[in-house]
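Reviewing the structure listed below.
Chains here go by letter, A, B and C, matching the order in which they are written, and residues are numbered from 1 within each.
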Amino acid sequence: MAVVKDTAVAAPAVRAGRLSRLLDDETRLGRLMLAPAILYIALLVGLPFFLALYFSLTDITVGSRTLHFVGLKKFHEVIHTPTFKLALKNTFIFAFVSQLLVLILAKILALALVKDFRGKWFVRLLILLPWVAPISLGSIGWLWILDSIYSVVNWVLVHWRFVREPLRLLGILDPRMPPMWLGQPELAMASIITVHVWRLLPLATVILLAGLTSIPKDIHDAAAVDGAGFWRHLFEITIPLVAPIMIVAVLFGFIFAFTDMIVIYVLTRGGPYNSTQVLASLAFFTGIDGGDLAEGAAISLFLFPLLVAAAFIFLRIARRAEVT
Amino acid sequence: MAIVEARNVKKYFGEVKAVDGVDLATREGEFLVLLGPSGCGKTTLLRMIAGLEKPTAGEIVIGGQVVNDLPPRARRIAMVFQSYALYPHMTVFRNIAFPLKAQGVPKAMRKDKVLWSASMFGITHLLQRKPRELSGGERQRVALARALVREPDVFLLDEPLSNLDAKLRNAARDELQQFQRRIGTTTIYVTHDQIEAMGLGDRIAVMNAGKVRQLGPPQEVYDEPADTFVAAFLGSPPMNLVEGDAVIVGFRPEQFLPAELHTAAPLVTFTFRLTRVENLGADRLLYGVLEAPFSGQRAIAKLPSTVTLSLQPGEKYPFAVPQQHLKFFDRTSGLRTAPRPL
Amino acid sequence: MRTGKVLSRREFLKTASTVALATGVGASIIVPGRANAQRKKLRILQWNHFVPGFDEWFNNTYVKEWGEKNDTEVIVDNIGLAGLNSRAAAEVSAQKGHDLFMFLWPPPVHEDQVIDHREIYEECERRYGKAIDLAIKSTYNPKTKKFYGFSDSYVPDPINYRKDLWDDVGMFPDTWDDIRVGGRKIKQKHGNPVGIGLASEIDTNMAMRAIMYSFGSSVQDEEGNPVLKSKATLEAIKFVKALYEETMTPEVFTWDASSNNRFMLSGKGSLALNAISITRTGEKQKNPIADKIWLAKAAKGPVRRIGLEHVMDVYVIWKFAENIEGAKQFLVDYIGNFRQAFLASEFYNFPCFPQTVPDLKQLIAYDPKANPPDKYKVLEDVLDWATNVGYPGYANAAIDEVFSTWVISTMFAQAASGRLSPEEAMNQADAEVRRIFAKWKEKGKV
């Protein structure tokens, strides 16, 4: 009896000791804490990626469970098609133009928001809204704005005289035939870029804002005393100092623009006649709707090596530019 | 060279009166120290002179010109910040050259000036380094070189030595003063450290709660404090202040000695009950309590270690202060009043 | 006018949101419900019907009654049409999902994943008489001799035209040439354009094929060989280019699945190819425009009068379905009750087993909701002028990929917009079609 009693008392103490030993052991605790993140990356990022990589080297379709390894055949097949080439070109235009605009606009917004003024919190809230709203809903709003019949923009162009008349006299606008935002190749590309910029701007602004506020005030004061005007201050002090964080923001933006298709899917589905087709949307139409999963995977992975290289270079630059 | 004036300058941040009506004028080529505890408004005043803050009221005058509406770059000033504010992405050379570039100085001339300025502070061997590769002392010199390079009319220094360790600070103080004497540029120097203030300043402006409490040469400010704040702020340990019937009486600890050590007369004698002795090596600090007519009030005496007299805690001793070294302050306003018999 | 606008906006938003949700649905994981030991379960997935009353009848009345009788709990999930493909792909890769999955077009790509539906056809033919050729062509793979789906119904795609405008120019859209000439006159006189999509969407896909077939052109021949590159195709492309230039506006490049409805009900359009959902919606909302919109048979081309179906209902039963027998039974019974479905869909869904609605002709000849009541009478001989995607062959996996990757829509749009010459557009599309056919032939499915 006495023995039993003893162990009963001792057990909780031992357990508590083990737990606290674990909590004290930083190496083991660290591994334990990291486990969920690693599991998440492995299951939700790694697995789909390697699956896609594997698919692209086979002849899988959405309806088949048996598949054969065909090597790079799918890549060879698809890269010579005009649609693929067009989509590749569109992808680059889309990514570069939208990133350039995001960068410039985010910079302007962040510079404005870093200043103190009345109602700043409200403006900050407004700017964040596009990021908070689900992108599908946001895109549908834009679909409406740019619609061929019910476009708000066109309504303004046609019904507001002081807008219509100057444009008409300049020969930019034909009130009987207002612009088809999603129906003319250049306008459609401009439209999806606009929506993409609208969508990414909040994040880029917030990142840059964080970068700007991390610059010590003394540095700005020193530059002011040293005689720097607005542009010199911007280009020689502010931008170089936020450069590392800006590069990371740009990298994210680029990868996002290269791999995302939701805006295009909702607004144009690649049209008119493939003029806004990007690799991501083409991959979806080919792989899921068209059924050739392997070719879809090949299309979507085509730029992967390029993106990895870009990420590597960007991060290197960011590290080199790092300042303390 | 220029004279800097503040004319009834005020700066309010909402309800907070950071600077509350300061009138102050430097002299030509003077080293003026703004001394005060943190939050007294000295840095705000300096930043208004630099043009980094706009005064709520009053005028800033540099070289006879009201500069309230001029941006910092038009005021012909240079400033050194507490953090040095070196541009972390630029080499030392580009840091020093930056003000010149902003002024549009031609490139060839820029190089000469940078070299001249760097040699003034002995940092020519560091020109290709980045700020993060420098020690604290080196950074401070770079900051000074960057301020000097454009040969401003006025130097504004905001606690430039406070980030250095004690040993380095003494040497830097010495260098700074020599340098200022050599170039003779009007300098306004902000610090909360009275040793720096005493050692560097041609004059000291003691500030508290947004106002200048006293302006004068270091010795004058030390010996003849204008009010109880200045009396208590300067000196280590500060002046003893004991309350009498109508006045506050002040005397420096180093004047408050055992009666037998005094040679000059006339003396005022106190009975001092010693409670604690602190031996600081060079000095001995004696803590204790006075007897009637100031019974119960605390005082401190400071004896040089050359005095080997044996003094025991718990004992009472007769201590004295030469009459001329007793200062009298009004009980309500705290301002100096005429000496009177105790 | 006002009600019409409000309505069509709603219609528009509804479609648009289904598009958006599609992507979300595609990624969702199907969680199997807890097994109920007592009652069997039957899970059905189909689209949100364009006639809302249909879902109400199907989900709340019909399946409930059927469930009672067969001691089965029937669960119906409705999703937007744009989400069907991704949802199907998700169910296949999870090897788990619904017992009955309804596509709106033939899904030959999933052939290996589904049971052979031959038995269901046989049982239905035994009970209700022969199925229409359109149904067989849309669900049968002659190469593997397998029925990869079961079609209960199809949706006719007649011409919707503004009678007032066409009368005004003294014309009737009987042939494609009439549409070109009359459409031009109306556009010039009244400013109302023709609206036939030239975009990456299903209505364009159907309309362009209708034009091709009526010009004697097609993507494949009867044996399933790619034959896009032809003189007839070139003629069809040139015609569409002229039709676009003379009667339409760039708006048609922005077309989506709801554009026909909005275009006609807003009063803007003079003609569109669509199911009867336009006039049905207008009737429900008492939109005066609806009375002016009349229907006509598919237009006659130089070779024949032919059109497509607007959509093709195809149910599949996955091999991995949990209640295969129940699903089969459901389909057989459903065909037996198809007259109810025909009425609930307000004549939208036409039967693949015509004898299940013996009085179809009488029903559509007099519809009290319609103005005039015989508005839908033109649909009575729809089978004479409607055909399947893949005509004159079967809807196979290659045809499906050509369809889903918008090869034909893009070909016409590129030529119409002048970006490519008709020859270039045809050659480019032909190369793509051949590539796709080669891929699927290699897999032995075509």
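Simple rule for what comes next: contacts are C-beta pairs under 8 Å (C-beta built on N, C-alpha and C of every residue); 3 or more make two chains touch, one makes a residue touch a chain.
This structure is a prediction, so every number in the text was calculated from the model and none was measured.
When every chain is reduced to the mean of its C-alpha atoms, the one closest to the centre of the whole protein set is A.
Farthest chain from subunit C, judged by C-alpha centroids: B. With centres set at the average Cα position, the gap from subunit A to subunit C is 35 Å. As a whole-number value, the distance joining the C-alpha centres of subunit A and subunit B reads 54 Å. Subunit B and subunit C have CA centres that are 88 Å apart. Of all residues in subunit A, those touching subunit B in their complex are 216, 218-219, 221-229, 232, 236-237, 240-241, 243, 321, 323-324. The residues of subunit A lying in touch with subunit C in their complex are 59, 61-66, 77, 81-83, 136-137, 139-140, 143-144, 147-150, 176-177, 180-185, 188, 262, 265-266, 268-275, 285-286, 288-293, 295. Chain contact summary for the complex, subunit C toward subunit A: residues 9, 12-13, 16-17, 19-21, 23-24, 26, 85-86, 88-89, 92-93, 107, 109-113, 191, 198-201, 249-254, 256, 259, 262-263, 266, 268, 397, 400-401, 404-406, 409-410, 413-414, 417, 419, 428, 431-432, 435, 439, 442-443. Those residues of subunit B lying in contact with subunit A across their complex are 47, 50-52, 71-73, 77-79, 81-89, 98-99, 101-103, 132, 146, 150.
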